[in-house]
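The data blocks that follow each hold one structure.
There are two complexes below, and they share chain A, which is joined by chain B in the first and by chain C in the second.
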Partner chain A sequence: MKKLALYLILICAAVSFIYPFLWMAFISLKSVGDAGARGLLSSFFTLQNYKAVFMEIPIGRALLNSAIVALSTTASVIFFSSLVGYALAKLRFSGRETVFMIVLLTMMIPGQLTLIPLYTLIVRLGWIDSYPALVAPWMISAMGILIFRQTFISIPDDLIEAARMEGCGELRILTSIFWPLSKPAMVTVGIITFMNSWNEVLWPMMVVRRQEMMTMPQMITTFSVGGQSGGELGVEMAASMLLIIPILAAYAFFQKYFIDGIASTGIKG
Partner chain B sequence: MAKVIFEKVVKRYPSGDRDTVRELSLTIDDGEFLVLVGPSGCGKSTILRMLAGLINVTAGKIFIDGKDITRLHPKDRDISMVFQNYALFPHLNVYDNIAFGLKMRGAPKKEIDDRVREASALLGIVPLLHKKPKELSGGQSQRVAVGRAIVRRPKVFLFDEPLSNLDAKMRTQMRAEISRLHRRLKATAIYVTHDQCEAMTMADRMVVLHDGVIGQCGTPHEIYSTPRNTFVATFIGSPPMNLFAAQAVREGAASGLKINNFVLPLPHLAAERLETGRKYTFGIRPEHIYLADRVPPGVNSSMPLACEVELAESMGNDVVLHCNSGGLAFQASLKHDFPVKSGDKINVVFALDKSHVFDEKGERVA
Partner chain C sequence: MTTGDERKDAIGYAFTAPYILFLLVFTAYPLLFSFYLVFHSWDLITPPEYVGLKNFYFLMHDTDFWQALLNTLIFLAIHIPAQVVFSIMIAMALAEKIVAKTFFRAAFFLPVIISGAVVTILWAKLYSTDTGIFNQLLGLAGIAPVKWLTSTGLAMPSIAVMATWKNMGFYIVLFLAGLLNIPAHLYEVSKIEGTTRWQDFWHITLPLLRPTMLLVVVLSTFGAFSLFIEPYVMTGGGPLNSTMSVVLYMYKHAFLFQHMGYAATIGFALAAIILLVVLIQKKYLDSD
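== the complex of A and B ==
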């Protein structure tokens, strides 16, 4: 009986999380006339809205831009954060704890605070409307450093020493020993970074003006809010669906590691 | 292949207030199996790790084959090491663990494969090649660790208490196997242990270490029969050597050592070196004490000493007696061919030509 009640509560919770998503998915598949209806189901579904999105805005190009930006940001965050995490966890140098404290401190500064100085910097560098403007400021993350440091600290020093004896330099130790031993952490950092980068709207809005450099969320926001969609709910939802699908795919693919990672590091984005 | 020289090597840890290793000078000959032995914390691992390059040297130099390697990165020293807890890479299977060093050095695939198979055949671990380290027992893991060490054919092998995580039977077996392997590979090896039994059986030469200095360096037999000081004397041998406070006395022409309330006449050799009236330490190993009526022929024995057996510990073929003679406590190790019980009164003699005399500082006199 108790179990039944528990399941009921869980189902309610799950539905309340999932409903908006389902609603979006169904609307995006309904024809124009049908979109206003309350219920989820409709007599017939169509891909017409998706066609409209592809017709009206260069969504393909935006998808490519987003992919380039999100993937290079993710790769860079994994590489540089694990590099710093390794140094903070395993190398002995004076000031190590101070550096770590500074890294933690940067996590407490709200991101919005740094936007203006960053923007000024990008303008000075002449990087407006370019990939470096979208990637460079986010190439390393304090959260990534923290997760890698915590994971690496539990890897025994003996392995490092054995690897050194067997002919590894520090970089090789990181790539051939530490990376394979911390897959969950890498996937966690990877997914969180990818998601954040993929969903970012504000920053691209600031540094990108030309349409062919726009990222997906930027393009879709501009499209929906800026009136290009003609206020058609179905089309807007279709565009939003296109934004979500890659993330869902990535999550489904790495789910096992992601949950391991969150469970073992106790950190989530 | 390789001769290793330590030249006045000093190590002080940044956090330490004194030198962990003090002016160590030691030469290890090509192909020699040297065992470093000493109590916990005496600096054995420190010495090994300085040679490996895992920690730096505070002062002094280390040479391999005449080349100064003091400041080289471990990977450039051509040394391999077997760790106490194996330190196998958990994400690689046995084959890749063994092949790891060769891969890092960019050896051709064919050669790697040949060498891995040769090494694993030598160690009898061919059936394990595809297994992950966590699927192996302690003994198997240790074999893989040894395999990883030998496959590169380095100049020097280092072992840091490689057998201490194994059970007694496995330890004896691996001990023999490592010795056999060493004879076959003829490589220079330095082996750290705090188990004197391992040290005695495996070593070509052993170094007894005490607080970061060499207590004595020599063959196991030398160290057993002529320990240079009281530390070495009591560290090597089980049960440990009995030490008695003594004073040199002269009775007419003969000199002797007064221990407690009796005087032990000494062989002439020793007598000449003793200064009447000074304090000495007299040492006798438990196995050089006999029952007065069962002295083997040819033993130069002392006068019988009456004592009481406080405890008799049977070890199978030996029995260790904890004896007390008027407040003088000592242990005797006897062949187990007669009945002695706790509380018995017996007469024992010391084998004088096997006895040791140390001066007040603990240094060997005779």
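== the complex of A and C ==
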């Protein structure tokens, strides 16, 4: 009896979390005349909404922009954050504790405080409507530094000493010994960074005006809000599906990293 | 010896140099420049003009700004209790011995990983007065359509419900971790004393979930003060500013009116309020 109530709660919750996305997926696959009909299933499914999205807005370009921005941000965060994480965990230099304190301090600054000044900086650098505007301010993350530092500290010093004996430079030690030994940390930092960058909408809406430079969230937002979609439900939903499919695919493979990573670091914003 | 130390120093500095440079340009400079901006009026085209405390004076008397803050409080008043009650309930169900635990966890977490822009566009359709699923369901029960997003009283609560739905998976996982941290022997002691499950919940589970509760409340507050895309897509801040969020208001001043100095002042005040609210919450939830 008690078990039954438990499962009832869980199943109701699961349905309420999944159903809206299913509805969206099915609507995106229905023809215009069919979309209004109640219920999910239709007599036939079609890709015409997806064709319409590609014809009405430069969504291919937006997908490319999103991929470029999210992948380069992720690569940069992993490389530079692990560099700093390594220095803080394994190198001895005067000022190390100060740098560590600064990393912790920066995490306490509310983003709302620096948003407008940061925007004026981008304007003065002449970076409006460019990839540097979308990537550069997010190239290193304090969260990434902390995760790498924490992981690297537990790797024994003997490995470093042995490598140094054989004449390995510190950068080689980081990339060929520490990286392979820290795959879970790298996947966690990578996934969180990629997801945040891929989903980010406020910053692109500040520094991008030209349609060719828009990333996916901004593109579908202006498409939906600007009335460009002409209220065609199926087309709007198809555009949204194109945004979430890459994240869903990653989620299918790295579910554990998504959940544990986000739960242990908190979500941005 | 000295040379060895110098070499070590050099490598340490080389590894941290990119971060220091990054920090100076994208954190320290904007931080300092915000102190400059709040005392100036600037449209990005003509040179900034020193205006003293005028921006702050204007902010104090700006009813739209206070309305935006009030809207955030309305949001929090619905969001936090709903979040805490439902998340704990579902987390407690998940903590039991059940099959398909991984599936349920993954399903609840799904909205967390989806872009807020998509979730908002999707929910705008679900909330639609004429064709949305909520009004269709109400229609089946013979209830007249409700104006979820187009009435001043309901628009903000509707957005709060959506935000609760979007983030709940995250909070369920946090509460689940908190629940699993409670030592099992505590419940065994109470079994001997013959207390009911409800008493256990009030006297063991809830008090021990306090640290998680603080985390959930603080993170929800950060989220509430960051509301932007939700009102931007669903209502544009309306009707009658009833869903205007502080960040959306700041965005409008910066991008519709080019009021950089005033927008920076709004950001400045918002940051101060966030720190204050979080300190109050910490003090209140940390004690006893």
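What we mean here is this: the second predicted complex is superposed on the first by the 235 of 269 C-alpha atoms of A that agree within 3 Å, B and C clash if a C-alpha of one lies under 4 Å from a C-alpha of the other, contacts with A are read in each partner's own complex, and residues count from 1 in each chain.
Basically, a contact is a pair of C-beta atoms (placed from the backbone, for glycine too) under 8 Å apart; a residue touches a chain by one contact, two chains touch by 3 or more.
A quick note: this is a predicted structure, and the numbers were derived from the prediction, not measured.
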Chain B versus chain C as contact partner of A:Leu181, first or second or both or neither: first
Chain B versus chain C as contact partner of A:Ala62, first or second or both or neither: neither
Touched partner set for A:Pro156, first chain B, second chain C, both or neither: first
Partner chain(s) touched by A:Ala52 [first = chain B, second = chain C, both, neither]: neither
First (chain B), second (chain C), both or neither touched by A:Val135: neither
Residues of chain A touched, compared between chain B and chain C (which is higher): C
First, second, both or neither for A:Arg96, with chain B first and chain C second: second
Partner chain(s) touched by A:Met165 [first = chain B, second = chain C, both, neither]: first
Touching both chain C and chain B, counted on chain A across the two superposed complexes: none
Complex contacts: residues of chain C adjacent to chain A: 8-9, 11-13, 15-16, 18-20, 22-23, 25-27, 29-31, 33-34, 37, 42, 44, 89-90, 93-94, 96, 98, 102-118, 121-126, 131, 133, 136, 165, 167-170, 173-174, 177, 219, 222-223, 225-226, 228-229, 232-233, 236, 246-247, 250-251, 254-255, 260, 263-264, 267-268, 270-271, 274-275
Chain B-touching residues of chain A, taken from the complex the two chains share: 156, 158-159, 161-169, 172, 176-177, 180-181
Chain B residues touching chain A - in the complex, by the definition given at the top: 52-54, 73-75, 79-81, 83, 85, 87-91, 100-101, 104-105, 148, 152
Residues of chain A that touch chain C when the two form their complex: 3, 6-7, 9-10, 13-14, 16-18, 20-21, 23-24, 36, 38, 80, 83-84, 86-88, 91-96, 99, 102, 106, 109-121, 123, 136-137, 139-140, 145, 170, 195, 198-199, 201-202, 205-206, 216-218, 220-221, 224-225, 233, 236-237, 240, 243-244, 247-248, 251, 255, 258-259, 262-263, 266-267, 269
